[in-house]
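Naming follows writing order (A, B, C, D, E and F), and every chain is counted from residue 1.
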Amino acid sequence: MRTDGRQWDALRPVTMTMNPNKYAEGSVLIEFGDTKVLCTASVEERVPPFMKGQGKGWITAEYSMLPRATQVRNQRESAKGKLTGRTMEIQRLIGRALRSVVDLPALGERTITIDCDVIQADGGTRTTSITGAFVALALAVHKLSKNHEFAKYPITAYLASVSVGVINGKTLLDLNYEEDSKAKVDMNVVMTGDGKFVEIQGTGEEAPFSRTELNELLGAAESGILELVAKQKAALGLFGNRIGTANA
Amino acid sequence: MRTDGRQWDALRPVTMTMNPNKYAEGSVLIEFGDTKVLCTASVEERVPPFMKGQGKGWITAEYSMLPRATQVRNQRESAKGKLTGRTMEIQRLIGRALRSVVDLPALGERTITIDCDVIQADGGTRTTSITGAFVALALAVHKLSKNHEFAKYPITAYLASVSVGVINGKTLLDLNYEEDSKAKVDMNVVMTGDGKFVEIQGTGEEAPFSRTELNELLGAAESGILELVAKQKAALGLFGNRIGTANA
Amino acid sequence: MRTDGRQWDALRPVTMTMNPNKYAEGSVLIEFGDTKVLCTASVEERVPPFMKGQGKGWITAEYSMLPRATQVRNQRESAKGKLTGRTMEIQRLIGRALRSVVDLPALGERTITIDCDVIQADGGTRTTSITGAFVALALAVHKLSKNHEFAKYPITAYLASVSVGVINGKTLLDLNYEEDSKAKVDMNVVMTGDGKFVEIQGTGEEAPFSRTELNELLGAAESGILELVAKQKAALGLFGNRIGTANA
Amino acid sequence: MRTDGRQWDALRPVTMTMNPNKYAEGSVLIEFGDTKVLCTASVEERVPPFMKGQGKGWITAEYSMLPRATQVRNQRESAKGKLTGRTMEIQRLIGRALRSVVDLPALGERTITIDCDVIQADGGTRTTSITGAFVALALAVHKLSKNHEFAKYPITAYLASVSVGVINGKTLLDLNYEEDSKAKVDMNVVMTGDGKFVEIQGTGEEAPFSRTELNELLGAAESGILELVAKQKAALGLFGNRIGTANA
Amino acid sequence: MRTDGRQWDALRPVTMTMNPNKYAEGSVLIEFGDTKVLCTASVEERVPPFMKGQGKGWITAEYSMLPRATQVRNQRESAKGKLTGRTMEIQRLIGRALRSVVDLPALGERTITIDCDVIQADGGTRTTSITGAFVALALAVHKLSKNHEFAKYPITAYLASVSVGVINGKTLLDLNYEEDSKAKVDMNVVMTGDGKFVEIQGTGEEAPFSRTELNELLGAAESGILELVAKQKAALGLFGNRIGTANA
Amino acid sequence: MRTDGRQWDALRPVTMTMNPNKYAEGSVLIEFGDTKVLCTASVEERVPPFMKGQGKGWITAEYSMLPRATQVRNQRESAKGKLTGRTMEIQRLIGRALRSVVDLPALGERTITIDCDVIQADGGTRTTSITGAFVALALAVHKLSKNHEFAKYPITAYLASVSVGVINGKTLLDLNYEEDSKAKVDMNVVMTGDGKFVEIQGTGEEAPFSRTELNELLGAAESGILELVAKQKAALGLFGNRIGTANA
């Protein structure tokens, strides 16, 4: 039994509060249990210098934790004067994952920046961020689609993410902080709504793992992600149906 | 008439959601209209090096805005690698204001750090932050008082803050962003619950002001602050009665 | 009696050495007692990016202390790699105060940067800086006016600043360092030559103050500032008469 | 056929020049084709502050590319004043991977820092680095073992890494730069000498991949890694036999 | 003839205003023509970490130019967030030169920091700084000697510095800015009062020079430096006689 | 006798491995005994902003040491976030020295950046770097000359550098690390192939030196440099004959 009473293959309660921010083109406050992330999408009608003149759009992401999102207060990265390696790694991951489901030429020469700010952290902040970032992105593209005639709808698939791990030889889905710190194997998986892998990042720093264990972890992750995608569809409602159809 | 229908001497709707953060020793989500600030208080059982061995405590504050708290997205200070002058000025102000109502020797050798993170900004983020920071501080001291025998109660008075300004010759209380950008004179006032000034910062960059105008501004600020203090008292409830009594 | 023998409402001896720097468009070495600040004005025929194409000029200021300007040597901000919050706060204040008496469209698309470098500090470095910065600015605008046909004279009023504070219940004008560190209330006031407030920054970190005390502080500041403006007029001589007249 | 004539499942020529550096406790110049990385191991008889007093050792890694290691010269990170996200991500990966095969309590309170400096880059710099870093680490531990009586031999398994990718639907092993920039799926795998996974990092930014493709990629990686481990064993010679035996 | 009417082998007018700073243990405002440098010596009763426990003192120097010390305003290094290579090179030179005439064990475990702040620059700021830094150092050591019983007098020789250069085949002493920018060969020489070389830094970036030219340059430098030392002796007066005698 | 058995006026064994880097326009791995420096030349068809539109080329250099190039591991400058003064001083010296033998107008509007990365350090890294940097530069210019019609050949002379020092009253050529740390006088000399001085940097921090000693040091340096130039000529072969002829 898990400390919070969950089955080993159960997600924590997931909630998505849509558009809590009155300025952003799209936003969601997403919660995986006690992990709460505010995701906002900001649209700019230009692309970064290295993308100019290619007729393509750009998607990028930034990630940060409030100093007291965690049990012990962390120093702000702005006060330290630099981003930690962990932050850079996570925001690169979020951006890369989102771009895998966006048709950048269809988006046109504009940039969508997704900010993932962790309000409270209880494990799984990067998977919660990716899952929420997709929703904020979808809201922003939907808003854009009201004023822009896209030749093709730029979002090509749903996208969500979840963590899996091994504790005492048991495969667990969606680890909270306490579980995460005990897990021997720790894996984050990002998949599309049609069941393809976008990112797999697995680490067995404390105990290398076999191919059999890997397969079990990926199976658990897949079912968790499909459940998350179902929740995203429910939250986005009707207009979410355009995702992946290429119908403008 | 004001754009949001308020009287010239009326505050915006004020709400305080108590202890939204499960880790912090005290926290509040405070809203002045559409300005929303999450204030958390973190207690550490040590003081900074320059305070060591004096038998006194320390109160400090940090302030930050989420990148899309505003109409146009701002670059993160962590990405820039340094704090802006505006941020430094505001967090120095918050810390100084809070220390004015704390008996540092009575607090003992511990540090309370108040983080004010602006979730959404619509004018008055520094006054909202100070008003919320006081509440988070009071919650943290109250929590401390359950386990520590204070010889004297360390909070000596209530504290709140509001902005006032002049538009078209009219004195306005608690300016929203649109009003703030039109005001010729802009003033932030911090007062104690017993009506004394802790900070006055008034600037007439676009139009110097007379002593008469100053008096009118201070009068408006005073009545707004007393109203805010009443709301703080209501939110803190019974234990708020110890504030200012020195009864441990 | 004050430690240096002054009356409670007396300024320290004020001297202004005009144009000590052979390169700057305007410069002054200003002394308030043992506080000595070198103020230089540098004119550039362009404005910062955010001001471009608006047909307006820009005034900005920088402030720094030499490492041994103080009793104990301070580390250089260049060696630390960043400006302190105190420095940023002061240079923002100086720039804002100067802009309040400059008609930026009349100045035309050029920038005047005022550098205030504290050679020796004995309290009141920010008020000394503002008072000297105005003189350096006036010298530079006068020099500009010899070669440029201003449609209107760009300086709209005189500007000076002084500190006031409360020690043992007594209101003191122009505090030196020793007094400053003992004062319970500390206030810096910037006024125009015609007696209007440009900035009021008062802090009662150690003891909140009442409206009555505030009025007494402002009265003392006002008489000190008018005396400083008289000294500025004497130093600038004839051409100073154009200030505030709008006569090109 | 691959541009360099290799079979799709063939490694590039691998060479290891042992101990090229006269100061380091262990060093190797490792080459995967035209990718050349100098790996040095430095032993210090202390651990970082966060590890103190736990009776355990620490392994950490740093990664850098010489500015002209690549076709076009890159600006130095020392000149930029900060590490890129890519560098941080890679050096965190190398350190984590090495720690998975070291028994930190057996190592004792000392730190081994592995520096991986890329002299020339032609794809696969992170996998070349990990494979070489292990060799440098093994040399340093062997040197230590001559003077220290380890109760248990601190290296618990061999460790190597290789990249795999998909181009035109074909799975390729050990991609060079040209192949890497064309691959739709890109995966780096780190395994122990006994065939267990330590890290899997796969990304399908340009084309999500199925479970079937994943299995094919992992199969190719596994055979490549076992071949690399055989080369490591040959290079380390006799004393390499102690690795994984726990015999001190 | 030189633009300022000097002979080719003449120094500019040299003045030294002794102890202009009321806090520093020693200070001098030194002028070589229009080049003006404020040198202050600060004594601390401790040494940097790398010198601890060796029973020796330490001498270090910092150098900076005010932003408008030059014809065109320079950005502050504090605003840039780092020191330029030129500044680092100069302050390393000043410190090294001063240490060559101090008996560090005789000084005892204390640090003297010499700050050289260029108030106005017209060529030769580093040679003016070294010459003035020596005077400030001598004043500080003299002040120390009143309260400390030195077993040996810690300053072992006088020290001064001058620049020499070649313009149109002619060797010039003590170049001003205009000459400096025209010189093909540029050399800074630091010597002791008894005619020994401490530093020679000569560069022929625009025209390599022969041994004959070098000898002529060194001859000119030597006579200039001896003249500067005579001025230092005159300025220091009686107590300067102890320098180089080792009599405590 | 010297610790490595050399005569006092002998160079260490010098080797130059030509073009070890497959991407750089010119490169050499140069060794002075155990000091090994990889020098690469990178050509860009543009000049830095401050050189634009002058019809001239630019030569610049960067210098760095691998962290374990030395007996004790050094922290990376990229991790520190800034270059040390020593690094800046050395790379400024290398660039200046190279420019003294390049006809910048003849080179045309392009930049050649020479990177000197110290792989292993045993004294004399700056003189080894300069000597190798010249070879890399010559290789790059030769490669350029195959595709560009230079009106004049842009390299005007050979250039090499060596260190000299005084130990126990004896003048030594080309000091290794152990000797360098014992030397009282330490001098680096850069000369052209026709025996003219480009840079002399001599420091007698621990013992000032006389004109006689200086002459002996310069004599030793000259003969060492001429020997190094002979080795450069041998390494460059036939095309090296164009250097200094101005024949395109």
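Criterion: a contact is a pair of C-beta atoms (placed from the backbone, for glycine too) under 8 Å apart; a residue touches a chain by one contact, two chains touch by 3 or more.
In UniProt terms, the chains line up like this: A, B, C, D, E, F = Ribonuclease PH.
Since the model is a prediction, treat every value here as computed from it, not as a measurement.
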{"item": "Graph distance between chain C and chain F, where chains that touch are linked", "value": "2"}
{"item": "Of all other chains, the one whose Cα centre sits farthest from chain C", "value": "D"}
{"item": "Listed chain pair A-B, E-F or D-F that repeats interface B-C [over half of contact pairs the same by residue number]", "value": "E-F"}
{"item": "Rounded Å distance between chain B and chain E, as computed from the means of their C-alpha atoms", "value": "52"}
{"item": "Distance from the mean Cα position of chain F to that of chain B, given in whole angstrom", "value": "60"}
{"item": "Multi-partner residues of chain B (at least 2 other chains)", "value": "81-83"}
{"item": "Chain contact graph, described as a line, ring, star, complete graph or other shape", "value": "ring"}
{"item": "Ordered ring members, chain E first, chain F second", "value": "E, F, D, A, B, C"}
{"item": "Chain C-facing residues of chain B, complex", "value": "82-86, 88-89, 91-92, 96-97, 99-100, 157, 187, 191-192, 195-211, 214, 218"}
{"item": "Sites on chain A touched by chain B in the complex", "value": "21-24, 27, 34, 38, 40, 42, 44, 62, 64, 66-71, 73, 76-83, 87, 113, 115, 117, 119-120"}
